[in-house]
Every structure is written in structure tokens, then in C-alpha cells.
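Multiple structures are listed underneath, in C-alpha cells.
Heads up, the next two complexes both have chain A, just with different partners, chain B and then chain C.
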Partner chain A sequence: MTQGRTRLYHLLLWVIALIFFSPILWIALASFKTKDQILATPPLFVFPPTLANYTDFFSRQNVGEYFVNSFLISIVAVLIAILVSFLASYCFSRFQPRGTSFMMFILLSIRMVPAAATVVPIFLMYSAFSWKDSWPALVLFYAMFSIPFSVWILKGFIDGVSRRYDETALVNGGSRLHVMFKVVLPQVRPGLIAAFIFNLIFVWNEFLVNFIIGGKTTTMIPTALMIGVANNLGTDWTFVATLTTLYILPPIIAIFFFQKYLLVGMTFGTVRGEV
Partner chain B sequence: MQHIGSRSQRKSVTQKLSWWAQLGHALDRRERTLPSLLLVPVLLFFIIWNIIPTLWMVGLSFYNYSMISGRPARFIGITNFADILVDNSVWLSFSKTLIWVFSTVAIETALGLLLGLLFWGSAKLPGRRLALTMIFAPMMITPVAASIFFRLMYDPTFGVISWVISLLTGQAAPNLLGDRLTAFGAALAVDVWIWTPFMILITLAALGSVPRAELEAAQIDKLSWIKKFRYVILPNGKFILMLGILLRTIDSFKTMDLIFSLTRGGPGNTTELIAIVLYRKAFEAFNLGWASALAVILLLTAIAFTSIYLFILNRKQAEEA
Partner chain C sequence: MNAIELQGISKSYRRKHILQNVDLQIQAGTFTVIFGGPGSGKSVLQRLIVGLEKPDSGRVLLRGEDATRVIPSERNIGYIPQSFALYPHYSVFDNIAYPLTLAGSQRDKIRPAVERTAELLKITHLLEKKPDQLSGGEKQRVAIARGIVKNTEIFIFDDPLTGLDFKLREQLFDDFRRLRETLGATFIYTTSDALETLIMADEIAVLAEGRITEHGSTRDVFDHPQHAWTMRSLGFPESTLFEGSLHSAGSGYECHTRLFDFAVDLTSAGQPPAEVVVGIRPQDLSVNESLAPNWLSTPATIILQEDLGGELVLYLEKDSFSFESVLPHRKDHLLNGDDVVVHVDPQKLVIFDPESGFRIGQGRV
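And then the complex of A and B:
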């Protein structure tokens, strides 16, 4: 291609990228508008930006709580899930106990079930045990929510580590735990990172379960957003736009930095490679 | 090796055999219990958060149980399932779900293939990482947030999309989500916006799996684009494409959060996909027996989908081995 055509091609790609990003830009712009500017007809593309929404936002009482809930619940849940999944996937990969492939099948099925069908049994159990609006109960649910994905990813990565490493370490007098955590674990670091980042995003984005079995003390951001939008007094657009903008920032930053794990992350570890 | 050797040397030669035996026994003992020990945590999670609730739900699907009536659950056998099978509204939303799945997957696959091919040569694009982040962003944010963007843009009084449409048609701004005629399409467009990036990602992965040598050969033979796609790209990339399309089909079948926060199934029942029916029965009507029965049916559907997915995955792995 000539230089001019290459430039044109690159310009085209950037235009496509901007088209995909424009709804997100639009909400981000809205968070710098006053209420009247958001509701203006025709829509305003150029306007004097205001930071009032953000100062108002941080002066609200509950907002900090939603963010803390979202952050802590997802991080604790994912850490538990990864530890549990690492132990299990090491076992599945190395000892291959009877029923391994059945277990992997069931774990994948859990991922394929529609959320509404998952939440009904959880709702039944949580109401009966009065576990609703309980921090540990929600964290443990999200840990289970993250386990299938983590086991699939980690088993794939551990399968890729030669058994010779295990054998050499064992012959040299290392214990199994030493083999698992000092020999195998460092070699599956990309798998651990992918599992960590993507589970974090999935839990961060999860809405239905939090909406149904959460409560006042365990409200996470999507639930807060839904309540903010479906308000009887009409949508409080300045608040919703600000909350949405801040809320979608972490996943977007994460895929900027961890782009090479995107494929593994979005296909359950069944497709490897980079884009 | 050093310390094992020295330890065995310290023991007398007559004890050497028993030392080996001891080591073997110790390993045997560990090897037998360790695997089960490693599985204990995952099984605990699995039993408490999956087996028990699922059995509970399967049990309840044979009962007439409503949370608001306050009456105790009454065993009614398979009546709930029979009710679902003859319920016209269930079949209606099932067919809507099928139309939804088919159209979203078809449009997203076509667009994804097209844009994926376009982005194939983007290795030297300035700021490529940022551009790709912008393209993949829609699928990484929660559908609840996505629905908020579009509620803002579709709004009949101040929405930018409605405004553009009214400029183009010269008529009053349409209420895209509130109108029975347009609500389904408007929701579909949001899904296409969210998930086309996934098919772009899959296409790029499929293209990446095509061996360089075959591409160079095609270059030398001066194959046309269509032939190149048909004879070089498709045979190599079809497995990844198939997995991607299947995953997308399953996820499209699961669609719930998006519709729930965009339209709640409305106006009327125009966007009422099967997951929304389940949600409404369970958490708005609190008819949990009936809802459990429908959830059991969806669960079985998901297991069927999973089997197909694994069948394809395993066949490919068997081919490679």
C-alpha cells in the first residue's frame, strides 16, 4: 500500500473505534453537564463543562458505601475462588481422579445457565436460611460464581506445565505443597492474572443476584444504578451519569492494561492467543 | 539429590531396602489422600451453592407454592410443567427469544467478521492498544450501564438518537423504547453494540490461527479475497469461529439484565424474553413453584448447549492429538 492509502486505512480504523466508543463518551460528557444541559433539545455537543456533579456526587452519603461494597466484595470473592480453584485444578490436571471430565462439564454448565434460573434456587435457599443482605453469604456466592471460570482457565494452564517439573521437585525431596506453590504456581502466572482480572470484572458487573439477595448493607453499584434510574420521581440524570462514568472506568482501564488476556478471558480459556 | 544421598548413606546398608519401602509407603499414603484433600474446598462450594439449591428448586417445581399467598406449599406433581407447556405466553416469549438469539448472533457474526477482517492488518496502527480498548469496551461494561447510555440516547425529548432520526425523517422524535413497533429492534441494536466486539475478537483470533506459510502461498498464487477466505482462512479458523458463535448463542439466550433495565419486557410484552418471564413470575408474582419449573427447563437447555460446546471442543482436541 502507498503511504496515503495506509493513512486512510488507519483513519478508517480509528473512526470505527470512535463509533463503538461514542455511547460511552456521550455518558461521560453528560456527567460534566448541568441538569438543564443534559435535558436540552437539541442535544448539546459543545458546552461549558461543570464539575458540580462530581462534587455533589462525593458529598452523597451512600455512594462511598456502594463503591466500597463493590470493590471489597469482588476482590475477596475472587481471591477465595482462585485459591480454591487452583487446588482443584492442580488435582484435576495431575491426578485426574475419576469423574474429572464430568466435573469440568458440570462447571461449564453452571456458566451456561441463564442468570434468572440461577438466582431462583439461590433466592429460595437464602430466604430459608435468612442469609439475605449478609456480607459473607454474598461474598461466598460470588466466590462460587467465579470458580467455574477459574478452574477452566487454571486447569488449561497447569496442563501446559510439563509433569517433569513436578517429578524433579518430588525426587529432590520437595513436598507436594512445595511443588504446587513453588514450582507450578509461578509458571501459571498468566492464567492466575487472567482469572483474577476477568472474575473481578464479572463480579463487578453482576447485577441480578445482588439485586435479589443483597440489601441495604450489601448494595453494589449496578443495583444502586437501577434504583437511581427507576426512581418514581423520574431519573436523576446528573447522578446516574456521574455514577455510571465512574463505575465503568475500572473495567475499561483493566482491558487497556491486560489486553493480551482478553481472548482467554472471554472464551473460558478454551481459545488461546492474542489479538 | 545431595541430602537424600547423604541420608541414605548414613543408614546402614541392611536398612536400605526398608528406607525405600518407607519412602514409597509415605508417598503412597500422601498420593491417595492428597487428591481428595485438594478437592474438598471446591466440592464444599459446589454442594452448598449448587447441589442443595438446585435440588431444592427441582423439588419445589412439583409444588404449588406462592410466597404472597402465605399458604404452605402443596404437592401437585407435574402440573407446573404441564401448565408451562400449554401456556401460550410462554411459547410466545420462547419464539421471541429464538428470534432474538437468531438475529443478534447473525448480525453480530456478520459485522464481527467484516470488522475483524478490516482490523487484520492493523498491526502498525498508531495507538492500536487504545483503539482496541475503545472497541472492546462495550462488552466489558455491565449491561445495566449500557442500558443507561441508550435510555439517555433513545429518550424522545432529549435523546441524541431520537433527535437525529427526527432530523432525518422530518417528523417528531420517535419514542423508540416506548413504541411497540420499535422497542424490540431498539433493544436488539443495543445488544449488537455490546456484543459485536466479541465477534471481532473471535475473528481476530481465528485469523491469527491461520499459518503464515499458507497465507504467503495464497499471496503468491494471487488468490482473490473470496477464494482466500474460502480456502485458506475458513478451514484454519473455523474451529475458533464455531466456538465463538456457540458461546455467543448461549449468552444471547441468557440475555436478561439488558432487557430488564432497558424496558422490563415492555411495552406490553414486546421485549419479554424467556428469562424476563421467569424473573417476573418469580420476583414480581412470587409464584415460585411455577418459576422453579421454568428454571428447571432452562437449566436442562443450558446443559444441552454445554454438551454441544464440549463435543466440538473435544472433537478438535482429538483431531490434534
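And then the complex of A and C:
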């Protein structure tokens, strides 16, 4: 490509990126506006910013709790999922039990079923067990929710670690656990990070299940957003803008630092060259 | 004493027989090369000895004791796998120290052991590096060091020189020879390379189609191959094999082939097959020069020559059957297309059963 065409191409990429970024920009700017400025047409790009929304936001009750719930539930759930997935993937990769590929297919299928299709049985099950609004029960659900992708990603990575490593360790006196955690695990660290980040973002963004089987003590940010949208005076724009801005910050930071790992996640571990 | 003894070992994968009723005894202190083509089951055989595979039937004896059910870590064998399998997250030092660390040796005992081994393989300057900073040959040396650092007297090398360039392989040949002298241990080494086999082996065990077809000293196996595959594969260039037919003549038999007709000595009693396979090493064919009056001769045409400096490889053809001859370098200039006479000592012609591939006799003066 000539230089001119390259520039044109880059310009096009910038324009597309900015178009997709504009709603985020709008909501982020809105969090520094008054309610009237938010609703002004045409939209205001230059305005005196105010921090009133934030001070108002943090003076509300429970908002801290939403963040703590979101962080803790997603991190704990994904950590459990990664541990389980690592053990499962090692087994699938090394021992190849009968029907491995079918089980892998089933696993992915579970994850591909639309949440709306499963939410009713899940609700009935959680009600029957009196697990509604229970912290461990919600963590358990999200762990399950995170396992399929993690197994897919990690199996790809573990397949990439030659069995000769395992065998060398076994011959020299290592146990299976030693092989898994001291020999294989350090070599699939990029896969663990990819699975962790990818699923963390999934759980962070999950709304429906938290809304249905969560409750007062387990409300996470998306549910809080949904509940907080309406107040008695109509849509509470300043609250929505402020919470959304704070809510999207952690994933944006995570994505910025872990872009290459996300690619691994989106390709089920088949693209591993970059990490 | 036998360091290793295999008794009636069979192993199959997915109904495919890899090893069939293999018996093998390896004396302590020998360097035994298991020579076999790709897919002949040499790796599986070694993995059975190391304990990474369990035989379907048969027994593995180590140091005179049944070890069939003993787990790999308790067999106390130094194992150097085919790929280097160096741990990328450990330094070279830690890689070499790995077997000792796992065995729970004390730190102050590990360092001298690792340093001694590193010195033996001339890799002392690499100890602080990480495996990805090493060249292929250096990696292989580190893998060997890790394999031999253990305090044991049985070492198993699974085709350790594949994929290395020729120069490196030559250097490592030296290393192996030095190790063997220094350690005085039992070595088992698999390869499909005839040169490696001949250079290093005290003893050769030939594995073909899941069986040990012969086992003996290097000289013996080379000079008196018992199987057509061994004869063809173990040598440079490969031996020529061609068909022949046996006809009774007087009290014995004669063999008729497209190159020579000759009287034969059969080693086994009973009715020999009518069709046989005859083998001859290229080094045993001389051109335009008969060294004894009873040698056989046949006309042939030179198709191509390869001058290797010290010796000359001739590609010959007779009635569109091509074969090779290796001659010491000579003054008289042979040209491509020249008609020559090929001579051979009839005792160098080896006769094999075409069905089983085993030797049934050789030419007679």
C-alpha cells in the first residue's frame, strides 16, 4: 500500500472506532453534567463540568456494597472456575477419557444456550434449595458459568505443552500433582490469565441471573443500574451516568492491559501466538 | 549380570500390535543401541523400561528384580526423552538440578553434583541462562545433563540427536563416548540412524515389526546380519537386495539371480523356499578388479559417480537393475557410461527368506 492509502485506511479505522466509542463518551461526559445539560439538544460537548453527581452518588446508601459484591463475586467465582477448569483440562488433554471431544462439545453448548432459556429452571432450583440471595450460591453459579470457556482455553494451552515434560517429571520422581502445578501450570500461565480476564468480564457484565436469583445482599452493579434507573421523578439520568461510568472503568482498564489475552479467549485458545 | 531384562513383552495400541513377544537382555555396563526404523516400536520399548507404559503381557526386570508394576519414579533410571523437554521457567542450573531437587537432596549437595555434570558436558558457562537462550545443541546437552545427574547406573536415551545438524551430532557423539567412559553405566540408546548406531554401540538390538530380529555385538550384527532389513539399513550406502531363485544342483543348491549365479551354503536344514532375497554390501563389490580366481563377475554400466574424496560411490546398472558399489579412491578414471565388470566374493552374498526376512544361508566358493 502506498503511504497515502495507508493513511486513509488508518483514518477510516479511527472514524469507525470513534463511532463505536461515542455512546461511552456520551455517558462519561454525562456524569459530569447536570440533568438539564444531559437532556439538551444538540448534545453539549463544551460545558462547565460538575462533580455534584459523584458526591451525590457516594452519599447514597449501598452503592459501595454493589461494587464490593461485583468485585468479590466475580473474582472468587472465576478463581474457582479456573482451578476446576485447569484440573479438568489437564485430564481431558492427558488422559483423554472416552468421549472427550463430545464432552468438550457439550460444555461449549451449555455456555451457548441463551441465558433466558435457563433462567427459569435455575430460579426454580435456587428457590427450592432456598439459595436465593445467597453469596456462596451465586458464586457457585458464576463459577459454573465460567467453566466452559476456561476449559476450552486451557485445554488448548495444555495440549500445547509436550507430554515429555510430564514424563520427565514422573521419571524423576514427581507426583501427578507436582506435574500439574509445578511443571504444566507455569507453562500455561498466559492461558490462565486469558481465561481469568475473559470470564471476569463476562461475570462482571452479567445481569439476568443476578437479577433473578440475587437479592438485597448480593446485588451487583448491573442490577443496581436497572433498579436505580427509575426514581419517582422519572429516569434518574445523573445516577445512571455516574454509575455506568464507574462500572465500565474496571473492564476498560483490564482490556487495555490484557488485550492480547482477550484474543485468546475469543478464539477458544486456538490463537496463542501473541501471548 | 543383566541390568535390564524383558521377558515376552507385548504391547498394542488400538488393536495395533506395536511389540510382539519381545525378549531382550541387556548386560550391565554395555552401550546398547536399539536400532529400528520409524514406527518400529523403539520408543515404546524404552517407555516400557522407564515405566511410562505398562506391557499388555510380559515382565520387565531391572537389576534382576521384577519391576513390571513399579512406578517410573521408583525405577531409578536416567531418562533423556526425544524432545528436550527443558522447563522454560527454570534456569539451566535448576533444570539440571531438577531430579535431585525432586529427590529431596540437600542444596549443598546439589550444587557440586550439577557443576560436575555441567563440566562433563562443557556447559558450565550456561548454568545461569534460561532454556530459550540456548541453541539446539546446548539444549540437548542440558537435557542430557539432567538425565545423567541422577545417582543411577541405567541411562536411557530416546533418539536424542534427531533434528540436530551434522556437526552438532558429531560433537555429541564425543560426549556420549566420554560419558560412557566416565560413568561406566548401562546405556540404552534408540535411533533409526545407522551411523549413530555403528559409532556408538557395543551391542546392537535390531527392532523390526515389533520384534527383536537380532541382538549381538556391533561387529557381529554388521558382519553377519540375520535379517534382510538389518543388512539393508545398517550401512552406507544401504545394501542392495535383489531376488533370486534356488535350484538344486547335485547335493546342494544353486542360486540364480539377475547379477550372479552361485552355489549356496544353507544354514538351516529342511526345504528352502524356491524364491529368495539376496543381499550384498556395496563395499563388497569391486569394479574391474578380481582379488581371487573364484570370485564371481558380471558386466554393468556406470550411470553416475559420487566422489567422496576418500572413496568413490558408483551407481551401476545391469539390464535396468540399478545397484551401488563403493570403491577406495583410484587412479584410473572411470567415466559415466563406461562398461565395467563387477566382481564379488561369493561368500559375501547373503541369502534371506523372502517371507520372514531371516537369513537362510550365503554364497559358497
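Going forward, the second predicted complex is superposed on the first by the 250 of 275 C-alpha atoms of A that agree within 3 Å, B and C clash if a C-alpha of one lies under 4 Å from a C-alpha of the other, contacts with A are read in each partner's own complex, and residues count from 1 in each chain.
Keep this in mind: contacts are C-beta pairs under 8 Å (C-beta built on N, C-alpha and C of every residue); 3 or more make two chains touch, one makes a residue touch a chain.
Note that the coordinates shown come from a computational prediction; the quantities given were computed from them, not determined experimentally.
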Key: Superposition-derived comparison: chain B or chain C, residues of chain A touched   = B
Inquiry  = Under the stated touch criterion, which partner chain does A:Pro251 make contact with: chain B (first), chain C (second), both, or neither?
reply    = first
Task = Report for A:Ile147: first if it touches chain B alone, second if chain C alone, otherwise both or neither.
result = first
Message = Quick check on the superposed pair: does A:Glu167 touch chain B, chain C, both, or neither? Answer first, second, both or neither.
response = second
Request  = Mind working out whether A:Pro186 is in touch with chain B, chain C, both or neither, as first, second, both or neither?
outcome  = second
Task = Check whether A:Ile227 is in contact with chain B, with chain C, with both or with neither, and answer first, second, both or neither.
result = neither
Query = A:Phe105 contacts which: chain B (first), chain C (second), both, neither?
reply = first
Message = Under the stated touch criterion, which partner chain does A:His178 make contact with: chain B (first), chain C (second), both, or neither?
response = second
Note = Overlap of the chain B and chain C interfaces on chain A comprises residues 171-173
Query = Which part of chain B faces chain A closely enough to touch in the complex?
reply = 1, 3-4, 30-31, 34-36, 38-39, 41-42, 45-46, 48-50, 52-54, 56-57, 60, 115, 118-119, 121-122, 124-127, 129-146, 148-153, 157-160, 163, 193, 196-198, 201-202, 204-205, 208-209, 240, 243-244, 247, 250, 253-254, 256-257, 260-261, 274-276, 278-279, 282-283, 288, 291-292, 294-295, 298-299, 302-303, 305-307, 309-310, 313
Note = Within the complex, chain C is touched by chain A residues 162, 164-165, 167-174, 178, 183, 186-187
Key: chain A residues within the chain B interface of the complex   = 6, 9-10, 12-14, 16-18, 20-21, 23-24, 26-27, 30, 38-43, 83-85, 87-88, 90-91, 95, 97, 105-106, 108-110, 112-117, 119-125, 140-141, 143-144, 147, 151, 171-173, 176, 201, 204-208, 212, 222, 225-226, 229, 235, 237, 240-241, 244, 247-248, 251-252, 254-256, 259, 262-263, 266-268, 270-271, 273-275
Message = With touch defined as at the start, can you tell me which chain C residues reach chain A in the complex?
response = 47, 50-52, 71-75, 77, 79, 81-83, 85, 87-89, 98-99, 102-103, 146, 150
